[in-house]
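Chains: A, B, C, D, E and F, in written order; residue numbering restarts at 1 for each.
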Amino acid sequence: MDGDGVFDHKQTNGSERTWPADETVIPDWIYTDEDVYTREIEKIFFGKHWNYVGMDCEVPGPGSYMRSYVGPVPVVVTRDADGEVHVFENRCAHRGVEFCREYRGTAHNFICPYHNWTYDLKGDLKAVPFRRGIKGKGGMPADFDMSAHGLRRFRVTVRGGVIFATASDETEPFEEYLGPEICAEFDSTFDGTEFKLLGVHRNILPNNWKLYQENLKDPYHATLLHTYLTTFGLFVSSNETNIPSDALGRHGGLLSRRPEGRPEVSEEEQANMQAFKQTMELNDPRVLAFFREFDSKWSGSVLTIFPTLTSLRQTNILNTRLLVPRGPNEFMMIWTVFGRADDDEEMTCHRLRQNNIFGPAGFLGIEDNEALKFLQDGLKKSVPGHGLALLGDDNEDIDIIITERAIRGMYRYYRNVMEF
Amino acid sequence: MATALEYNALALRAARLEIEEFNYAYADTLDRMDVGGWVDYFTDDALYRVIARDNYESDLPLGLIYCEGKAMMKDRAFALLNTEMFAPRYLHLSITNTRALSMDGGEIRAAANYTLIETRVEEPSNLQQAGKYRDVFVRDSGGELKLKQRICVYDSVMINNCLVFPV
Amino acid sequence: MDGDGVFDHKQTNGSERTWPADETVIPDWIYTDEDVYTREIEKIFFGKHWNYVGMDCEVPGPGSYMRSYVGPVPVVVTRDADGEVHVFENRCAHRGVEFCREYRGTAHNFICPYHNWTYDLKGDLKAVPFRRGIKGKGGMPADFDMSAHGLRRFRVTVRGGVIFATASDETEPFEEYLGPEICAEFDSTFDGTEFKLLGVHRNILPNNWKLYQENLKDPYHATLLHTYLTTFGLFVSSNETNIPSDALGRHGGLLSRRPEGRPEVSEEEQANMQAFKQTMELNDPRVLAFFREFDSKWSGSVLTIFPTLTSLRQTNILNTRLLVPRGPNEFMMIWTVFGRADDDEEMTCHRLRQNNIFGPAGFLGIEDNEALKFLQDGLKKSVPGHGLALLGDDNEDIDIIITERAIRGMYRYYRNVMEF
Amino acid sequence: MATALEYNALALRAARLEIEEFNYAYADTLDRMDVGGWVDYFTDDALYRVIARDNYESDLPLGLIYCEGKAMMKDRAFALLNTEMFAPRYLHLSITNTRALSMDGGEIRAAANYTLIETRVEEPSNLQQAGKYRDVFVRDSGGELKLKQRICVYDSVMINNCLVFPV
Amino acid sequence: MDGDGVFDHKQTNGSERTWPADETVIPDWIYTDEDVYTREIEKIFFGKHWNYVGMDCEVPGPGSYMRSYVGPVPVVVTRDADGEVHVFENRCAHRGVEFCREYRGTAHNFICPYHNWTYDLKGDLKAVPFRRGIKGKGGMPADFDMSAHGLRRFRVTVRGGVIFATASDETEPFEEYLGPEICAEFDSTFDGTEFKLLGVHRNILPNNWKLYQENLKDPYHATLLHTYLTTFGLFVSSNETNIPSDALGRHGGLLSRRPEGRPEVSEEEQANMQAFKQTMELNDPRVLAFFREFDSKWSGSVLTIFPTLTSLRQTNILNTRLLVPRGPNEFMMIWTVFGRADDDEEMTCHRLRQNNIFGPAGFLGIEDNEALKFLQDGLKKSVPGHGLALLGDDNEDIDIIITERAIRGMYRYYRNVMEF
Amino acid sequence: MATALEYNALALRAARLEIEEFNYAYADTLDRMDVGGWVDYFTDDALYRVIARDNYESDLPLGLIYCEGKAMMKDRAFALLNTEMFAPRYLHLSITNTRALSMDGGEIRAAANYTLIETRVEEPSNLQQAGKYRDVFVRDSGGELKLKQRICVYDSVMINNCLVFPV
């Protein structure tokens, strides 16, 4: 172990970081350092990226609003009287109060509780009490320009019912941002269907936000960690699977096709799955029933849209997840779970039963969240080192699943945008 | 001589005491992580839901756990015991403020407060979830109380990582 | 948004800070940065300032003592056998134990629990066990000078029953420190009356200590946030009000005169108060009864004495509040609530009923504490920015209330003493 | 045949069970933030105080909340519902260790432990206050229990920001 | 108070520290600074030192394992099929998962939960699932060398049933490491006896780990803080006592001989012990009964083996304590309590009764833990200063007990190895 | 007409209610730090142990507190009151989920959950220990319940600094 500063990574400045030459080596410090995190806010969340902030169906009507985030920064998502969606900072232009405290609701305007400065649904400043003082004494300067003191606004794109915001004027149009392959897959789920909100899960994960994006770019862990999938024949390595990503490597997909009937678990596969017992039948098979509803060959479509969206279509489960960083060692996840506006009651119940498998008490959620906690524990407590992402080959076919290609791809982009 | 009102109060008192004993046994079963035994506190057609208070109060049906009938509970129990990977922990489920609200035909509507204190390896004990039960009890052929419905509405909507066991 | 370091304010060193040229602009970093906080300890709390530490009536007799603080540093306030008040650090001169653990009590001396070094009520070291060893072997060096190893002492001033301490030998006399206007107002409440302790509130506020001083220098928020005041006719903007401050701008007053009977809420005022409904009568009007007891035209007199005292005389409520910083993002508030030594039981009950309105469960306390929490949330979570204090004019008359003059004044002094 | 002592024990037992039911209803009323309904658990001349344990044990009378009579409680309820600004939160008040201490004329002296768990938006559930009730109960004309006195002595003397609702 | 940087010690870099010239002065910053702590990991815990990690009797048979630590870094201690003890990092070589989550148990190998990389009891990588991909597609590079990707291993020494590990190849043999005097005393307790585990205590102490080592090198506090000892005649200053240390001053002993019958408390001693009342008899004297079992003149033998072991033999209590640093302001203590393998049931009960006096609810543990909490409170909250260790003389005889010689000795070594 | 089973259920119900009253008095005694009084809840030959759950479940006998008989408890009480140095604190011991498990001869086996909330000067209230009692009760000559055994198995195995008072 070389003693040269290897220990003081929590003190040193991210700008002095040198990234390992070998792209299969991922340094610990991108997951643990305060200064790297601070740079991510600037270069990533407030850089030239489209940040997912919520779903159309969460702000259904005029005056609907919800709390959300761009990176770690609180924002409000609103729908104005004309039905247009707006995103602005949840920070009063006067002294800085985080004024919107409700998860969601409806309003005509926002009144900051401290001094009642009032903003409309676009985030424009509409009223400053006693602006002219009392009896003409005191108040704001005569030249105070209300229009110059609205809330910080973000540019907004809504596509297929999903809302994105960006702080930069230079961010390319959303379709270009996704790139053709990912955009096509995005459109296959968010195909213009009107969605209906079923509810929201919220949880705090004690690990770096990037590890969650990795997790969903990592087909390798699926059958090894998630015994439930193989035990009940939901997913096996031999399923047809594609792992596309965009040209820059920042976005990715994990697309799988569940065979009719129960999949075969090959000998080779069994030999590699320590935890594998034998396959079981559910007592209540309704839970795994699959009603085809999308024009897609994939029964499972997970998308990781850089930086902080992951969307899931699995059997009849539909959700989007927003990652809200809270420093290098923790993030909040907001799960928006939905169905189709035209679902009848039975279909709604089916989705609710199926969601019982997912979410923060779901059989996959428990395992991923626990495993990632163990991972961050390892990164935080051990002497600084690095991880390995050796599997697969950057030029392999997209149907290869024993690979970490997508993880390497994301960090190639990350390193570049972070200027490491 | 006792009025109907007084009789009713006494009947609810007796029901409350019986439900307390039910709840304390229920909690002990879960603290022992005996999810197989947990299933037996319910009727075959029971509805068991664990739902965030914000969803519940917004009439959003999504459950953190959503089991329609004992079969789904059994599948969850099986998965927890046989397929799930999670860190070792100690569970401490305390049930207080048990109330018998009304008796109607064979059904008893009841409510209670619960708190789940979880202790993970080398971590302090932590309040993992605080919530309220909204229960419907019935009696089986042997006269034993069973849960026909237990809706667990939890205040701790910002879940600490994940909820492994039912509450 | 300029990228030049705007994001890394949590890393950079306070000495590199440049204060905005425009005095109406207050930068976020004075509320959030560790290094700015560390500098405040040196330049402010241990600089040439008189720090409030408690009330005479809290250490009533010889041997009385109480825990208190100078800035974040624990001290003990004592009264010796001659009735003199002393303030010294709550840190043993041997190894550094914070030896005094009781909120208050009486004692003849202080024995450090670890090795029983013993200090008298002046903080002088009086005994070192086994100083000469045992049977002449071991123990302290022969030349060990007990008089040179007492506890760190502070200079003390007591005025009108209020106790102040300073770490600096150069701090001017207290009367000069306050300046004539503020000193006069101070003396009008602390007029030699003997006070009787009614009790103490303690709470933790999740925000920077300076925001609390601002809050009490901010007449603007009073009628806008505190609907209770207007609803029950306690305070309206049209009340006669003065907002004096000392020449340096560090201390201030918020003096108001409650009219006989119920105040009129003017049309202009109503138009500016979003939350205003209509005025109500209390079911128990005793709570707001006012028994004149001080020779002052003001029924309400709030003083903010830099750095960490705020005193309140409102109707028949009397209290002092000590702000104890605990890092940039949190402080502890210790409320000392008192009456007059000669209050009869009915007057004591009256004060207790009236205090029901104030304190950490009072109708104003709830709102101020919540609003300031929202404010620090905004400062902490958003991308570093700044707040505005535009209202009013630095040369305006002191009876103008729609103003932030006093806040600007405090920061003019702060910037100067902090050498920003 | 039962001795006077045993009769007394049984009477206190009955009182304890009745007070538990009272306390659980009381807690539910506050968890619903129904401060209007909260007032009705008291007699017109009731004394309601929430007082820090350090003040209480030093005979310092200052209350965090100090209500002499129902009228003051009503004014507090009105203010909370109509004038106060505070962040949304969930309340979870659990009452345990309920004890009926003595019965004297129409008065029952009782005590209990309470814990208030508050959950604010996007924050973990937090123990806002732990304390003890020191109660005096009487019966109204209809025989219903009412609080003539509830002194809430709280251990959590370092208050987390503020206490919005009564306990 | 000189203003030159005295306040910003939490920001400055340890390497800029200048140690006070006077060796009786111990600066606060060694107990409170993040960067000093980070340097300790490199220079001390991962430097040329033997770190205690557990007892033989905790990993009794082949396949036994337990979680432990080297400094703050999680490790696993195992016993392989041949009975050999191994220590390796609890961090998966793939991505870094802290894979071992159980306090202790038995296993044939360790399977990382995330992707099932499998390690044997020596920490060697034995299996990588799907290493060759599926149907020859994907998987690890052909040249992937399993033998090069085991877990980080530590060198191990076991002496007298006590297990030590070192990260450095240059650490001298254990016997030399202890030096002759300390090694002899070590061997007098760990004399080849086979021990039996009675149980483990775990607690978190809110103070710097070094303060605990000091506490057990500090005979001065024993009779002054621990009134129980004198009240029940367990220990008095006049007992025969030796305080040896090794040549480098890093290790130490606190050896005492309990007289037959009750010790006399001399007049001189009483005069120096404020807390001393009069001696009492126990209602249950069994608790203090002493059955001679070791060939040693000392009835009490406390050893402090640098950096993180303290061992205790007191009357018939036997335990070892591992200090696990968790940053500068906190450490975890793991107490391993044991008896002899051949104890009969009555002797086991006797040890259990006697342990009632010790441990985190024992009469000495309560006082030491409380006093050290007060001490760290003083160091953390006050303006940076220093502590004094003036007692005694560095050349005094080892039977002198009113001394801080051993503390000075430890810091002479510490300063040197930390290059301050 | 009531069956033996029903009689037994009623007897256990009565025992549970009586033990609750015992436990609430016990908790109040400790909250007042009356360790002298605490001793009187036990029989002369009582076994009182506080043991970490990991030791308990590994059959490791080490106790955090280990008192064989009242004499050892008295010595502990004396030491706490007369020789021990510790910071001032408030104790809040809540006992819930009290269960009477079986009656056998004169012995009642029982269990309960306990949580100790400690509040130190200028610190927030903190959950110092959560655990379960495993009790054996007997009656003294006067018919009063006494503890013949109380094993306190605590989940909070990572102790926050130290445990000063028994639970």
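Here is the rule we use: a contact is a pair of C-beta atoms (placed from the backbone, for glycine too) under 8 Å apart; a residue touches a chain by one contact, two chains touch by 3 or more.
As the structure is a prediction and not an experimental result, all values here were calculated from the model.
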## Note on the structure
Chains in contact with chain D and also with chain F, listed by label, are B, C
### Task
Moving only to chains each one touches, count the minimum steps from chain B until you reach chain C.
2
### Message
Taking each chain's centre as the mean of its C-alpha atoms, which one ends up farthest from the centre of chain B?
### Response
C
#### Entry: Most distant chain from chain D, judged by the mean position of its C-alpha atoms
E
### Task
Examine where the copies chain A and chain E touch and state whether the two sides share over half of their residue numbers (same) or under half (different).
different
### Query
Looking at C-F and B-F, which pair shares more C-beta contacts?
B-F
### Message
Taking the mean of the CA coordinates per chain, how far is chain B from chain E in Å?
### Response
44
### Task
Measure off the straight-line distance from the CA centroid of chain A to the CA centroid of chain B, and report it in whole Å.
32
### Query
Which residues of chain B are in contact with two or more other chains?
17, 85, 87, 96, 122, 124, 127, 157-158, 160
### Task
Would you give the residues of chain A that are in contact with at least 2 other chains, written as numbers and ranges?
101, 103, 113, 202, 204, 225, 275, 332, 367, 370-371, 374
## Note on the structure
Listed by label, touching pairs are A-B, A-C, A-D, A-E, B-D, B-E, B-F, C-D, C-E, C-F, D-F, E-F
### Message
Which residues of chain D touch chain F once you look at their complex with the stated criterion?
### Response
13, 16-17, 53, 96-99, 111, 113, 115, 127, 129-132, 155-158, 160
### Summary
In their shared complex, chain C is touched by residues of chain E numbered 1, 3, 6-8, 10-11, 26, 28, 220-221, 224-225, 237-238, 268-269, 272-275, 367, 370-371, 374-375, 377-379, 381-383, 385, 387-393, 396-397, 400-403
### Message
Can you tell me which positions in chain E touch chain A when the two form their complex?
### Response
13, 34-35, 38-39, 41-42, 46, 72-74, 89-99, 101, 111, 113-116, 118, 129-130, 133-135, 137-141, 144, 149, 167
### Residues of chain E defined as touching chain F within the complex
103-104, 197-206, 225, 227-228, 231, 275, 277, 280, 282-284, 287, 332, 337, 348-349, 352-353, 355-356, 359-361, 363, 365-367, 369-371, 373-374
## Note on the structure
In their shared complex, chain E is touched by residues of chain F numbered 50-52, 54-55, 58, 60-69, 71-72, 74-76, 78-79, 82-87, 157-164
